[in-house]
């Protein structure tokens, strides 16, 4: 089952600068070979359900190993059974609507 | 790795009444043997990371099998490496602070 | 416009114990006169859109005033134009489905 | 108080194609004069708290007026009292960490 995910990892009890941890998340997604796109409030990623979820778990494990005592993560995810859809498709679909309005 | 999760399954393209689908989610969590608590905007569940994520995946599979073409799910989750904490602990901790203020 | 909300306030850069801040959130909702229910991963609240949003803003202002430098908050919210629905209605609707299955 | 927000509007009971509604959300943000960036799973927007929240409320009102009976919206938001930070700053900060690792 394919899934499109947006997730945000919020380290708690590890200071106020979170960008080193977000960079680590990006490296983990890169190594996992998952298509991902960083944005201002999280990271979009698409792939097989189990691969994506394993990568998010790996982020928690890596950050705890780096000394983060507590991690809050938000995940928004979507699956469809009617047709295949990529992250790029979703953005293009909205832009097409905007272009013709 | 233990995880505490709150998740909300939003079936799209399956009409306006969502309670039959939320009931199915509850049944899946029950059969999975996971401690879960329904609330007005989702369900709280705690357990091993892989068990909880497998249950959420099973919810998507079951709802698609029932004809829901598109599912949006929100997940908020927390892990800690400093100490064990249950869902009940979290609520009690806040109530204790309120009682002494 | 009535809204039903679940929100979770995550203070960042203010240590690992979050319950004092969650207790402050509860006090603010109480003073605002909004019906709210604490759960393990956040707080459910219902009311007029502007009243609920003003209360969440007040939480951010209060926590920053207490020295929290950075706050991440998740909000899930629902509005309906087809009929009135309370938080209690939502839970009862699912329980009724479970009882008859 | 400045806020950086990611939000996703999920119309329920209005069919399976959501892009016309997301396009309407984009138009509302445009008319509101708020800096916003569409991504595959939502829209990032930054501005004054009340302006951003008024725009999200306007999205709910517009979609209900177009016949959407039920709307589920996710909001992730962040405020800081320690320093000013823009959405572009957040992305650049992570990219700088990646470039030097």
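Letters A, B, C and D mark the chains in the order given here, with residues in each chain numbered from 1 onward.
The rule we apply is simple: contacts are C-beta pairs under 8 Å (C-beta built on N, C-alpha and C of every residue); 3 or more make two chains touch, one makes a residue touch a chain.
Fair warning: this is a prediction, and the values are worked out from it, not measured in the lab.
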Open item on the list: Please identify the chain with the largest separation between its CA centroid and the CA centroid of chain D.
Closed with: B
Open item on the list: Going by the touch criterion at the top, tell me which pair is linked by more C-beta contacts: A-D or C-D.
Closed with: A-D
- [ ] Please work out the Cα centroid separation of chain A and chain D, and write it as a whole number of Å.
- [x] 17
Open item on the list: I'd like the Å distance between the centres of chain A and chain C, where a centre is the mean of that chain's Cα atoms.
Closed with: 25
Open item on the list: Distance between chain C and chain D based on Cα centroids, please, to the nearest Å.
Closed with: 19
Open item on the list: Show the residues in chain A shared as contacts by 2 or more other chains, in ascending order.
Closed with: 8, 13, 16, 69-70, 72, 74, 76, 78, 82
Task: chain C residues touching chain A - in the complex, by the definition given at the top - done: 8, 10-13, 15-16, 18, 69-70, 72, 74
Task: Contact footprint of chain B on chain A as seen in their complex - done: 1, 13, 49-50, 53, 57, 60-61, 64, 68-82
Task: Partner chain A, residues of chain D touching it in the complex - done: 4-6, 8, 16, 19-20, 22-23, 26-27, 37-42, 44, 46, 74, 76, 78, 82, 87-88, 90-91, 93-98, 101
